[in-house]
Every structure is written in structure tokens, then in C-alpha cells.
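The structures come next, written out as C-alpha cells.
Two complexes are shown next, each including chain A; its partner changes from chain B in the first to chain C in the second.
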Partner chain A sequence: MVQAGLFHMILRSCRRAVAPSPGLVLISPPFLYALILLAAPIVGVVMLSFWSQDFLEIQRDFTFANYQTAWTERVYQVLMLRSIKVALLVTVATVLLAFPMAYFLSFHIPKRRKQLWLFLITIPFWTSYLVRIFLWKVILGYNGVINGTLTTLGIIDEPLRFILYNQAAVVMTLSHAWAPFAVLPIYVALEKIDRSLLEASVDLGDGPLRRFFRITLPLAMPGVVAAVLIVFIPTVGDYITPNLVGGPNGLMIANMIEVQFKKANNDPLGAALALSAMALVGTMALLFIWATRKYLRSPS
Partner chain B sequence: MNNDPIIRINRVRKSFGPVCAVSEVTLDIAPGEFFTLVGPSGCGKTTLLRMLAGFETPDGGSIRIDGTSMIGVPANKRPTNMVFQNYAVFPHMSVADNIAYGLRAARVAKGEIIGRVEEALAMVGLAGYGARSPAALSGGQRQRVALARALVLRPKVLLLDEPMSALDKKLREQMQVELRTLQRTVGVTFVLVTHDQEEALILSDRIAVMFEGRIAQVATPHDLYQRPQSREVADFIGVMNFLSAHATVSTPDGMTVEIEGLGQVTIPRSQAPANLGDDPVVGIRPEMLTILQDGTHAAGRSARGSLVDLQY
Partner chain C sequence: MSIRSSALLSLYVGFFLIFLYAPTLLLPLFAFNDSTIVAFPLSGFTTAWFAGLLDVPALHEATINSLAVALTSAVLATCLGILAARATTRYRFRLMHGMLGLIMLPMVLPEMIIAVAFLVVILHLGFSLSLFSIILGHVLLCTPFSVAILRTAFQGLDHNYEDASTDLGYSRWATFRLIIVPMVLPGVVASLLISFTISLDEFIIAFFLSGTETTLPVYIWGQLRFPQRVPNVLALGTLLLAISLGLMITAEFFRRRGLRKLGLSTQESVL
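== the complex of A and B ==
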């Protein structure tokens, strides 16, 4: 999106004048930066995905074989579908949990306290992502907080094994990790809602529940859509969390990509898997935006 | 039409923290009346209107609309509808959906909704605009949508919160005429809040002037202009010159005062409230004065002066 925006700006500036326009000069450092650090690696990966690995050498003959493998072999299909399923579950859980938080923050916290609350919401970011995942291991583990508490209280005789090293643990951990990213855009969208619209809705006869579904939610949709995309897109490609709390059944496509690049030494297949995942996620994101387009038109 | 008031406000109070917004207001509004609450900003007029709509709860006193007490009745259950200051037209809905909003909330049958929306659009002069997005409308058109959206529900009382303040002067004057015509056509009781005394005088059947949470005077526009009961009302409504005077004779018919530079003037009782002291203030509207050349014979009373400044 950022790249597309930049590109658009450049096109516009080019059309306007032959002389270097101030806009073009202003954006050229970040544009170069984006070109070198974003576009170039992607081009490299694309090229790699059409080559093949011959032991230690890369064969630079054009082939679709990697994509064929990526899309037809059972293990890749399973991992891809599982990644999407986990990402969808994480997205739904995160947005459903984030919405009430954002709503409370926007509608029930007095104005002068909002800054403080926003600040508090960002506190989890003060610790590293990795530390937070390890923390979930501590909470969910065999000798962890939950099992320890339940055993001490005598509710269970033996520690529960099903709460760690599975997909549910991945979903839980990721939902927690991404929560603030979902709260913030929804909060911003809710803040932008003119409060007189809510009064008008009640004045015209709606109770609180109908007002929520007819006014508040539709007008908060830009924030919800942003939250969904912000959570869904990176979650599909996450490989640290499944690695640490996922167990064998919690592994996702990114773990397989990592395996291809490292242990299996098949960079081209890894590249093809990565690009396939990217294409799939990109398509799903675009479809989602298309499906919600009527809420995204900016008023006025 | 019966003569029972449609709105009875009795000793209503409302404070926001230490600030008293409305204190002990008592007011009756007749059915079909175009009633205006006017006053400077912060005088409590909007708070009073919002208490009628159900957006604020009075600290004390009672509000009855059409004979029913409104205490504890939420805004969505009241026989009132409101036109908001910024119109509050729902940006994610078409004009027709905006107007149908309340009908859908009331679960009116689909077929009837279509007809009533068309009717409401025609009433405010927006026939054929139903499919448009509010973003494509001008300020005046949005106001019409807000009016249609409220009136389509056939409320007993229509509340208007400074509906003209966002319009430019020309459009405002046009909308004032239309609003007056519309009110006569539909016969609904209108309660308008405005800080614009001119607008209040043009539109209203009766006006309540409010200062600092209290009602200073309730009267027809004519009486308010001609017979303000206090100096602050006289000062707020129109332009008034104030002259200090000294009372000399007071009879049931009128009051004779000595005004510095003008001499003795007798004021009829209708213009002079009985409870004035010995040193009343006399007000005179500028349009009652005529400037004459020095030495010209004056028909009435005259005083000598000099021309200091001239504006067109």
C-alpha cells in the first residue's frame, strides 16, 4: 500500500512538471529506501522461485516445477490451509476482543483520561515479542501457571496437556500479541463518529442495540477492516509462535518456508511457497476489501 | 384543536457540576404553536430542548408532553423528533434511507415506507433526490433531509436546535420562510432554539427569552419587541437606546417621567410596568427617531444634538 501510494505520487509529480518538483525531491530518499529494501528482495525471491536447486548449485533455467510442488503436494496444501485457518481464527478472536475495548475507550472514558488509557494499551509492546510468547508458554505449560493453580486448588489431579502445543495455543498467543494493533484502528474509527448521529438514531426510535448495528458498527467499519488486515496478513506468515507453542500440529506454512531455506536447502521451493502464500493472502485481502467496499467510501 | 398545552414544563432544573444550566423553568406550549427559545449562548436554551428530547435528565421538576409525564421515558420512546444543529444526516445511507430510518425503527410495513418517504421528500422540495448520497448535498439540502426525516414520523412536537446557524445569510432567510410555511402546512408544534433574535421574531408565534437558565419573558414577537418587560430583554431583542429618567407623576393610565434633555414625557401604562421605582430607565427604538435640520419645526418632542458619524 505504501509503495503503491509512493508510486502514485511520483507519477503525479512527473506528469505535472519536467523541472524537479519539490514533492519528488522530498520523497526520493524514502522511495530509494523502499526500492532497495523492499522491491529488490521481492524481485530476487520471484526470480529464485522460477529456478531450481541442484544440490549446492542453483540451476538458472526457467521452471514452474516449484509452484507445481507447492500447490499439489499434500503437506504444503495442509500447511497452507492450516495457516489460513489459524490466521482467520486469530483475526476473528482479536477483532471481537478488541472491539469492546476500543468501544469502551472511545465512549466511556472521559476525554482527559484517554491518552493515559492509550498509553496503557501499548505497555505489552515494551517487552519483546519473543518474551511475550515465552510468557504464554509459562502460563499454559505442563508445570505452568494454569496447571499449577488448578492442581493446587485440587480441581485437577494431573496437569492438563491439551492447553499447550496445539493450534488453540497458537491462536491464543497470537490474539494476545496482536490485540493493540486491532484496538487502535477501531478506536480511531469510533472516535471519528459524530456523536450527534448516535443521538439522532435514538431520537428516531432506535434502542441501544439497533443503534449499534445500524449506525455505530457501519461507521466503525473502516477501523474494523483495517484491524482485520493488520492482524490477518502478518499472522498467516508467522513462524515464531507456532514454533514455540504450536507443537507438531500447530506448525504453519512459514515454518515450512523456513525449513526449505535452512534445513532442506531448497531455496527455490521456499521462494515459491513464500510467493504462493503471499498471492493467496493478497487475494483474500483484496476480496475482503471488495466485500466491505460500501463501508469504506469516505463520507463528505 | 383543544387548548390543553401539548408541552407542560414545570419548575425544571438542570445543573452540570457547579454550573446551573436551567433553573426553575415553567412553561406551557400550545398545540400547533411555533415556539422559540431565544437567548445568548450558554443561557440554557439548548439544555432545555435536550431535556424535551430526552437527551438530558432534569434534576428536578416535571415535563409532560401531550398529557404524559416524560420523566424516565427514553428519547426513543418520546413523541418528539429533533433536527440537529449539524443535521446529523447519516453519511453511510442514501437520502431515502435516512428518511426511512425512523419508519424502519418503528417497523412500518415496507410498502408504506416507500410511499411516506416519497411524500416527505416532496414536502421538503427534494423529490427525486432519494437515491443520492448525503455527501452530494448542499447544507440547505441536508437540512431538508433532516426535516423530512423527523417529520415523516409525524411527531407531536418537532424540536429544532439552531437549524439555521450553519447556513449563509441568503439561504437562511429562504429556509426561514420555508420552515414557517412547512410548520403551517403540517400543523405540528415546533420548538426552535436559536441565538438569533431576528430569526425568532420572524418565525415564532411565541418567544421565550432566556438568560442564565431563567426565562426572562414569554410573549408574541410583537409584544416582545414593543413591550419588553426588562432592560435585558429590551437590549437583547432589536436595538434600543436607554435613557435614564426620573418619575414625576404615576397614575393608572400612565406614568410621566422627566428625561434629561427631552423634558417631560408621559408613557401609557401598557408600556410602563407598575412596579417601576422612582428612577426608571426609558428605552426608545432608533426607528422611532427622526433626524431633522436645525430650526425645522418638529411635530413631536425634540431634542438638540450634533451629528458625530454617518454610516450608510
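== the complex of A and C ==
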């Protein structure tokens, strides 16, 4: 009897070791899809970035030349730094714009209305991205809405030229495009704050400002961090906005990557630029997460 | 909070909403405006720009391509999403978080990187670009959103229902068909609609991977170079906005109905 039981146990443990878990079987198709169509192509890009191209012929000799070009030549340095700068400005502007909105949603809107308000904020986001960016060109343009209206009203004689085709236009357009994405995570974090903590802080003599900086802001930080990452990472690689409203001095690294892959026929350099941008963004994101963790742990 | 700062906040929210809605409100306004120059003052009402969309074969072709791509991508992404959501909410296994992490990665990766990676692999393996390559890219992009939505749907699924069904003598297949499917169906519909909308609007991947056949956003991009075509593009944009809004409202309706079915609060939103 005991032997039979033991045998049964051994058999079962063997079967468990051999048969894969049902979860593993289920997740295999989506995982393999991502492995084959995302991980493998990225490995391909990494390999390509160490090769070189002679017109249409790819030379498969290992070389650092592409990275050397990407990191030392003036034009690429300028574009890379500009992309980072624009993304940082967009991130700061978007989070600063979004925070009061999220605060209003969380603290000033009755519970049953919140869903409606959230929906209200996401509606503009469902306009075609391309058309939305283009509409900013229409609004800011030489014959655009702002200039046309101001001229008709007699406020200005000549259309303003400085509002389109520069970095400021790129920053504004992108801040608009990302606004809902920043509001939502901050709102979720604010919703999670235990309201009795706020009362406690007032009871202990904190004014509204002190309460905000000691209780609300630290507890909302996870949402702010999420918003920063959601906005910053894709913005560095944005292609459409710089192309439509940036003008010659507003172009960013993604536009150059496209040129390398299409017109310049230098795929390896394009790959090196894309990977360098990704590495830079990834490092900055990790540093940011580390810094905020440190800030939240420190007693204030 | 004092009354003054409260009023200040309300005022700010007003400005924020105007900023947020400015392009969206101008879109239909100029789509119906009787002038090729997009500026104030408005000169009259016309539906000519919408009518003008009817006789452009390239636009119709792009629309059919876009619908086919979006439909296929939505179905495939949702199938993959169902598998990943079920696997990660019902079972625990080694490397689960790592695997899920890779599946969710396209959500935070700049689309440019995905597009470039696809382009490199497709061209250097000697395949030609087609709508199929766009679909492959869009499935990759939509799957994380699908997983996020469906994980909430599957998380609300109480194991006791499944156990009760098995105890009462139903087979695993019958349990799946009669218990699990009806309970997660609203999540599935929401995932299909959101994936469809994302694919329909996606530009970068379609731009890089389209060969001779284009999708709607790639067609619009081509039209933006011609000033005289702008009003038509705005009319097209208005139509797209109306369709997306309709889809999103339907998705939200199904998601809420699903949450109510599971006896959960409808206050949380995936959007």
C-alpha cells in the first residue's frame, strides 16, 4: 500500500516535471510572436549597426564606425541633443499642465461624474494623430487661425512668423498630443491617496501648501513618474510633429533615422542612430526612476 | 482649500479644456467651411469637401486596405491577448513576468524602433513589403493593449465559478463555453475595438512598411503636401473622428456591461 502510494507520488512528480504548466502552454503563442517579431528583429538591428553599407551592398565586417559617426559628427550630435531637449521640455510642460487637471478630477469632481470627465479628456485623443498634428499647423500657420483672427481684429498688421516652424511649436504640439496620457496616471495615483491622511496633516497644523508638499505630492509621485516615462520615451522618437511643424531647426533624430534608411541608403548608420537614441533614453529613464525612489525614501 | 484657489483651479481647468479641444473643434468647423483657405472668418457652409471624397479611387483603395489591416490586426491581437491574459491571471509559472514583460514591451518602445527593426528584417531576408508586413507590425503593437484590457476581464473571473461548473459535471470545454466566454466577452469586444482603432490610426509602422499598397494615414500624409487638398483631408479627418468616437463609446459600453456582470464597480477605466 505504502509502496503503491509512493510509486504514485513519484509518477506524479515525474509527470509534473515533464508536462509543461498549462500557463506556459497558453502564453507560448503571444510570447513566441513577440520573440520572433520583436526580440529577433532588434537583434538584427544590433547586428546591422556593426556592419557597413556600400551603396546597396551590405558589408558584413564588424566595425564601430557607425557608432563613431553617430556620436562624434556634429549634425547627429545636434539632432540627438535637440531630441532629448525637446522631449524634456515636452515632458515638463505636459506634466505641469496635467497635474492641476488630474488634481481637479480627483478632488473636486463628485464620484459619479468622474467617468464622464475622464471620457471628456480622452475624446480629443481619438482624432487621427496625423490630422491633429496637422491642425496645429493650420492654427499656428502664416495664414492660420491665430494670425488670421488677430489680423481681422486689427490687433496685428503682419502675420506673426515666429509661432510656427520652430522648436517651440514642436513642444506645444507634442504637449497637446500627450496631455491625456499624463492626466490619467496622475489621476489614478491621486485617487489612491487615503483622504484621512490629508485630514490628519491639517489637524497637526499643516497649511494647504505644506500639506500639498508633505502628503499629496509624495503620494502622487508614482503617477507623476509613470506620466514622465509615458511622455518622455516616445517623444524622443517622434517623427510626424517635427516634420510638420518643426521647420528646418525643429527636426529631430527620428527624421534623420528615416533619411538614413530611405534616401541616404545607409541602413547601418540608421540602425546605430536608432539604438544610440534608445540606449540614451533607456539610461535617462532608469536614472530618473532611481532618483525618484531615492527622493521618496528620504525623510522630509 | 480656500474658495479663491478653488476658483483659480476651475479657471485653469477651463483653459486646459479649451487647449485640449482646440484642434478637435476646429476640425469639423473647417471641414464644412466653404473656402480652400483654412482661416477665420468662416465664409459659408458646404458639404462639397465630403462629396469630393467620393470620387478619389486612391482614397477608396487606402480605406479598404486600412479596414482589412485593422480588422485582421484586431482579431489576431485579441487572440494573442486572450492567451496571455488567461495564462497570467489563472496560472503561475517560471519566467512569467519576464515573458509578459516582452509581450508588453511595444507599449513603451518608440514606434520608430519597431518600424526600423521590421524594415531591416523584412528587407534583408529578401521579402517584399506588403499589407501583410503592416499587419505583423500592428499585431505586435496592439497585443499589449489587448492584454491590459483582457487581464482586467480575466482577473474579475472568480475560480469558484469554474470549479462549481466542473463539480456539476460539465466538461472543461463546456465550462469554457458556458461560463468563461460569456463573462469575458465584453472585455474581448473592448479589446477588438481598441486594437481596431489603434491600427486604423497608426502611421509610422505603416509608413515604413507599406510598399505599393498604402493605408489611410499614409494616404493622408501624402495629401498634406498639397494645400488645395487640405479641406478634403479635414473632411476625411472629421469622418474618422466620428467613426473612432462611435467605436470608443461602444467599447466603453461593453466594458462597463462586463464589469457589472462580474459585480464590479464601473468607476475604474482602462482608457
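Note that in this section the second predicted complex is superposed on the first by the 274 of 300 C-alpha atoms of A that agree within 3 Å, B and C clash if a C-alpha of one lies under 4 Å from a C-alpha of the other, contacts with A are read in each partner's own complex, and residues count from 1 in each chain.
What we mean here is this: contacts are C-beta pairs under 8 Å (C-beta built on N, C-alpha and C of every residue); 3 or more make two chains touch, one makes a residue touch a chain.
Just so it is clear, the structure is predicted and the values come from calculations on it, not from any experiment.
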{"item": "Three-chain arrangement built on chain A, chain B and chain C clash or fit", "value": "fit"}
{"item": "Partner chain(s) touched by A:240 [first = chain B, second = chain C, both, neither]", "value": "second"}
{"item": "First (chain B), second (chain C), both or neither touched by A:30", "value": "second"}
{"item": "Touched chain A residues, chain B compared with chain C", "value": "C"}
{"item": "Partner chain in contact with A:295 - chain B first, chain C second, else both or neither", "value": "first"}
{"item": "Chain B versus chain C as contact partner of A:270, first or second or both or neither", "value": "second"}
{"item": "Touched partner set for A:139, first chain B, second chain C, both or neither", "value": "second"}
{"item": "Partner chain in contact with A:72 - chain B first, chain C second, else both or neither", "value": "neither"}
{"item": "Chain B versus chain C as contact partner of A:215, first or second or both or neither", "value": "first"}
{"item": "Which of chain B and chain C A:202 touches, first, second, both or neither", "value": "first"}
{"item": "Least C-alpha distance (whole Å) that remains between chain C and chain B when both complexes are overlaid", "value": "10"}
{"item": "Chain A positions touched by chain B in one structure and by chain C in the second", "value": "none"}
{"item": "Footprint of chain B on chain A - complex, ascending", "value": "194, 196-197, 199-207, 210, 214-215, 218-219, 294-295, 299-300"}
{"item": "Residue ranges of chain B in contact with chain A within the complex", "value": "53-55, 74-76, 80-82, 84-86, 88, 90-92, 101-102, 105-106, 134-135, 149-150, 153"}
{"item": "Sites on chain C touched by chain A in the complex", "value": "1-2, 5-6, 9-10, 12-13, 16-17, 19-24, 26-27, 30, 37-41, 79-81, 83-84, 86-88, 90-94, 96, 99-100, 102-103, 105-106, 108-114, 116-121, 124, 136-137, 139-140, 143, 147, 197, 201, 203-204, 208, 217, 220-221, 224, 230, 233-234, 236-237, 240-241, 244-245, 248, 252, 266-267, 269, 271"}
{"item": "Interface residues, chain A side, partner chain C - complex", "value": "21-31, 33-35, 37-42, 44-45, 48, 58, 97, 100-101, 103-104, 107-108, 111, 114-115, 118-124, 126-132, 134-136, 138-139, 143-145, 147-149, 152, 176, 179-180, 184, 208, 229-230, 233-234, 236-240, 244, 254, 257-258, 261, 267, 270-271, 274, 277-278, 281"}
